[in-house]
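Following this message is one structure expressed as structure tokens.
A, B, C and D are the chain letters, set down in written order, and residue numbers restart from 1 in every chain.
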Amino acid sequence: MSASLSRPPRVGVWLVGARGSVATTVVAGCAAVVAGLRPPTGLVTEAPAFAGSGLPALSSLVFGGHDTTDCPLPKRAEQLAAGGVLPLGLPAAVAAELAAADTEIRPGGPLPGDTRDEDALIAAFAADLQDFVRRLGLERAVVVNVASTEPAPTGPPLPPSSLYAAAALRAGCPYINFTPSTGLHHPGLAPLAAASGLPYAGRDGKTGQTLLRSVLGPMFAQRALDVRAWSGTNLLGGGDGASLADPAAAAAKNAGKERVLADTLGTTPEGQVHIDDVPALGDWKTAWDHVAFDGFLGTRMVLQTIWQGCDSALAAPLVLDLARLVARAHETGLRGPLAELAFFFKDPVGDAPSALGEQYAELVRFAQGLGEGE
Amino acid sequence: MSASLSRPPRVGVWLVGARGSVATTVVAGCAAVVAGLRPPTGLVTEAPAFAGSGLPALSSLVFGGHDTTDCPLPKRAEQLAAGGVLPLGLPAAVAAELAAADTEIRPGGPLPGDTRDEDALIAAFAADLQDFVRRLGLERAVVVNVASTEPAPTGPPLPPSSLYAAAALRAGCPYINFTPSTGLHHPGLAPLAAASGLPYAGRDGKTGQTLLRSVLGPMFAQRALDVRAWSGTNLLGGGDGASLADPAAAAAKNAGKERVLADTLGTTPEGQVHIDDVPALGDWKTAWDHVAFDGFLGTRMVLQTIWQGCDSALAAPLVLDLARLVARAHETGLRGPLAELAFFFKDPVGDAPSALGEQYAELVRFAQGLGEGE
Amino acid sequence: MSASLSRPPRVGVWLVGARGSVATTVVAGCAAVVAGLRPPTGLVTEAPAFAGSGLPALSSLVFGGHDTTDCPLPKRAEQLAAGGVLPLGLPAAVAAELAAADTEIRPGGPLPGDTRDEDALIAAFAADLQDFVRRLGLERAVVVNVASTEPAPTGPPLPPSSLYAAAALRAGCPYINFTPSTGLHHPGLAPLAAASGLPYAGRDGKTGQTLLRSVLGPMFAQRALDVRAWSGTNLLGGGDGASLADPAAAAAKNAGKERVLADTLGTTPEGQVHIDDVPALGDWKTAWDHVAFDGFLGTRMVLQTIWQGCDSALAAPLVLDLARLVARAHETGLRGPLAELAFFFKDPVGDAPSALGEQYAELVRFAQGLGEGE
Amino acid sequence: MSASLSRPPRVGVWLVGARGSVATTVVAGCAAVVAGLRPPTGLVTEAPAFAGSGLPALSSLVFGGHDTTDCPLPKRAEQLAAGGVLPLGLPAAVAAELAAADTEIRPGGPLPGDTRDEDALIAAFAADLQDFVRRLGLERAVVVNVASTEPAPTGPPLPPSSLYAAAALRAGCPYINFTPSTGLHHPGLAPLAAASGLPYAGRDGKTGQTLLRSVLGPMFAQRALDVRAWSGTNLLGGGDGASLADPAAAAAKNAGKERVLADTLGTTPEGQVHIDDVPALGDWKTAWDHVAFDGFLGTRMVLQTIWQGCDSALAAPLVLDLARLVARAHETGLRGPLAELAFFFKDPVGDAPSALGEQYAELVRFAQGLGEGE
């Protein structure tokens, strides 16, 4: 970054699903950390290894986005605080930042009754983005999909997540898919993505069961233990629980989960993965995993794990990390799929290792590369 | 290895605690795998990455050792089969190999009433070792301590594990401490170890709770999650349960467990570790871990793990791996502490990374180095 | 029982699914306990409270049954011993009893290609039963269904379990349905059951998750805690896993599980129950339950349970208990649904309490009533 | 209660440890339920079975107590709300009731430097109580010990909990010991208790692990399963964690826990109980139990339970239940140990069943007896 600027350039973070739990936590949490109200727990890119990478500062991030609902962000934040997702008093402390982001949220779509065709929707979304960048004088903006998981598409029409992804390309913005929805993974978008010269990353943030699997799978493999069955059940409330209880939506998510096992173990063990919608759990999720494995001479042993986490609190810092990394990648001229960000995803783009430790090493190398020439 | 030999050189594996569960499983299991009765599950060194390292073949290993009890190995094997540790029918199938090893077991000590002083005991043990190597025409022998954990020593006299370690040095044999007992970690033995020119490794095989911690600790650290408390309880029967219920014996073991957390997390979280003797569990152990951690904005989350394993089945293949690696290291002229074997230990000698993934990478590099010049 | 008899009368136990894991464990286990090789662990009716009930002695039970496969019982028993379900050496020790039962197993059906109509099948099965009683000079015989769970029937034709139940009625034998299959619960059999004057019991033995729920549900209710969601996952291998992975078969089983919660809690909480077929688990099953409940002032709390059991070892003693109790009920002239045996079932016949403690109290009262007049 | 009173008589609840988490939750929670802000979840005595028992209404309860600290109740309530123990906004909504109770809290003791002897302390505490009753025109008051657990006493001097208990006797107030501290269980107090003609109850509220054990123990016994080892670990923060990490304090608590197993199982299984102080958990506690049991033919099975609860939220409604029941028992002239309240305690006074279901049945009978003659 040029030292001659009187103030550092600002970077836009455009959230698809901008009024959801994750997006609200992103906006409120970024403001809280910038203000020094909270330590940067959970923010990977605040570790010393990333200090020289030239990443945009958290204080330089400006938020906007699309959503189809209209609950104001300050109110959403109060709801999250009541549910224990945000600390008490935080919504009030960052009310100004929430309100500022709220004014930059534009209607998403298509809603029922919307007669616009695909191209018109893409054009409208892209115009929203370009307006955001221009009006606020942003150096660049990255688009991050944090909307509820949509059912796997069954035909050629672009699902909503792909419309937003296409809009990002058209507006010249790097794209990050934090969900298992289609986004850029649509055959109709592949040539556009390639031609855009933009970097992109995804998909499906690794925040719980799969995160664990990406360290436990390599452990079994390195110890030459024979995993016979790996079974899992996820209980989650909130919008995500309802979305993923739909078998079509769960299918995409589960594919990512199973890929991690197959890649790290070298075989596909027996066992299923269930995703249950349990509204009483609110924004909290519980994942139980049962791993039956054979040791020396075939002796049967079992590992079980229980992960009790808050989905938004797990996802939000990773969204900030990704926005910073991809914005910087764009700045340095990188293009195409960023396989080096596999650390963050269940189903990473490009060719990447599956073991978390190797993914982390690759991420650090990538970040150091971003800083060269600074 | 020279192709001109009509038969490959044989390598001795001298087990301190040769009639225990681990040693019996080592002998029976090696025979079963050599005979093709069982796949090499759990044997790290049978992975392709180790194929070119020049390790002694499993079929070239010859077993002997010291013990203070006199239950014959074939009978111990039957007991283990009755407890589900060895497969049904295996003791009969490898009866010849068990009997052969049984004839190479010499009385350990000191037993109550033994009036020999330290030097006489060391000399006697070293003579047993040298006789084993000479009489059977072995190329070399490695000594592995798999005896029950002894209380932490309180004064200058050498504890039994250190007497055996000193005997290994005197007999010119590399030494591996698979237990948390003192072994070579005695100030009185440091100069001898340095002067011996022998390689050595240890200590305390990483077979359950600490194995898990060595992959979960790095996961928390890489994700910048703030581990506030890590509590654990181990239930185990068998001789190990009784030994470790002694707080003095448990102290050494727990130090290793906590070191892994401190090293991988960068801080020492709250929480204790308990080791309970539960004879009804026999050779099986259960470890429960409870990890309370804070995520973004301080949101509290919890991971729990339950590991149900068979101690002997977890330890035995690692003992074989270590014997092969250290024998080969000796052959190639390596000396001193083998920090590159940290993958196997809770409390590794030398300066080594604490994350299992890094330890594995280092192990593979080490093994490849062993093969150079073949 | 009359003291003038030179030998006590013998009672037949006719097992539908006589070559399955449960039936094999019933026959081998009864012999082992009678011979004093094993204590009567798991046998409810060996408790002192049942001493005066006039139940037939275990030594008086004689086994036979129907099955559609032909693996001999002694061989099945060896398979179970290899899987850890039966103790090592037990099959050999009770080989005579296994062989004796094996000779009393008749072909079940209908097998593919069988052209007999319903009535012919019922008549054939009833004839097998009558022949068993007459030929062996049995005082009476009870029929117990321990066959794999069949899919819920969709129409008027009688499913196999109902054919066997009808045969029991025709042969004058009390009937016990230990599975969730239809058995006597078919509208076409209701008048026959009523007219038969026979006692009957069922259905679906309560051996794991539902057993736990029947004590935990009342605990929550008595403490006025508000259970918001009760979710469960069952992993099981063996034939039962495969049968119940079929949603139609699982439906019947899950209905029983949910009835227990609704009855004991007074409401139906959120949450699903999954039954996964995991062949690698063999005869072992694992059930995880996650209970999210609200305490005082709505504070959210969680109970989780993990039950790791061996299905055959859990079911077999209850089958013996039920056979003894129902045989004695028949002897004393009881008829119709035996609601007092709800202690044993997920989905009991008649009107019975759902809390295990109350069911046990009722069982003891029932058993004491059986003994009056002795 | 007489219908001629213009307003119902008021009943005092005198809390020893009146500024602690439990006491604060008692006062705030009672007010919240009375005001209709929250449903009576967790209050056993609000169930229909207790409707005719003549218990004092929640709205008739008046709170006071002793404590050695001076943090005002409204502030304590805010702290609890920040920790998730009380709902957000509740402290403000019941600020008046908290303030009213705060004015009725008197200094406890003895504090360091206090030179009063035992009798002077007892007299002072009794005077506080009598003043409370007289000044507020209460019909009666019950004393409930909810202070932190004290170390088991080692000699004749009365520990503080016994001083308060003696003061209750002297002031003519029924006494309830909700903690494992000594209270009335001191040989020096037995004759006083007997002579007082007052009813009393205790000790050690059953709110988590032992509550579970009191339903699981009977389940194993009724099913004739052979429990071989029952091991448990409790993690808790807050003041209770620190108190109970002291082995002397834990001893009393663990004795109660083990008594439940011995009484319900008929034998004492192997296994230990640990209580760890984990300050990071705040007012939350986690209890893990591991039960190794043998089924039919000795087949080993395992049940594990994990209870994650909020200690204050579990205890507070039971304190209200007990205060109401014991006040009514006093009104009806009952005296001596109230064994019928065993449902609430780990280590109940008098001769009582250990199974929770039987305890509940006895409680309901007791409550119905209280209502007779109304």
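Worth a mention:
Criterion: contacts are C-beta pairs under 8 Å (C-beta built on N, C-alpha and C of every residue); 3 or more make two chains touch, one makes a residue touch a chain.
All figures in this text were calculated on a predicted structure; none of them were measured in a lab.
For the pair subunit A and subunit D, chains touching both partners: B, C. Between A-C and C-D, more C-beta contact pairs join the chains of C-D.
Centroid to centroid, with C-alpha atoms defining each point, subunit A and subunit C lie 50 Å apart. In terms of their C-alpha centroids, the spacing between subunit C and subunit D amounts to 42 Å.
The multi-chain contact residues of subunit B, meaning those touching 2 or more other chains, are 84, 302, 304, 306, 308. Per the touch definition, subunit B reaches subunit C in the complex via residues 81-82, 84, 88, 306.
For subunit D in complex with subunit B, the touching residues are 228-229, 231, 233, 235, 269-272, 274, 276, 278-281, 286, 288, 290, 292, 302, 304, 306, 308. Of all the residues in subunit C, the ones that touch subunit D in their complex are 25, 28-29, 32, 38-44, 46-47, 84-87, 90, 211-212, 215-216, 218-219, 222-226, 294-299, 301-310, 313-314, 316-317, 343, 355-358, 360.
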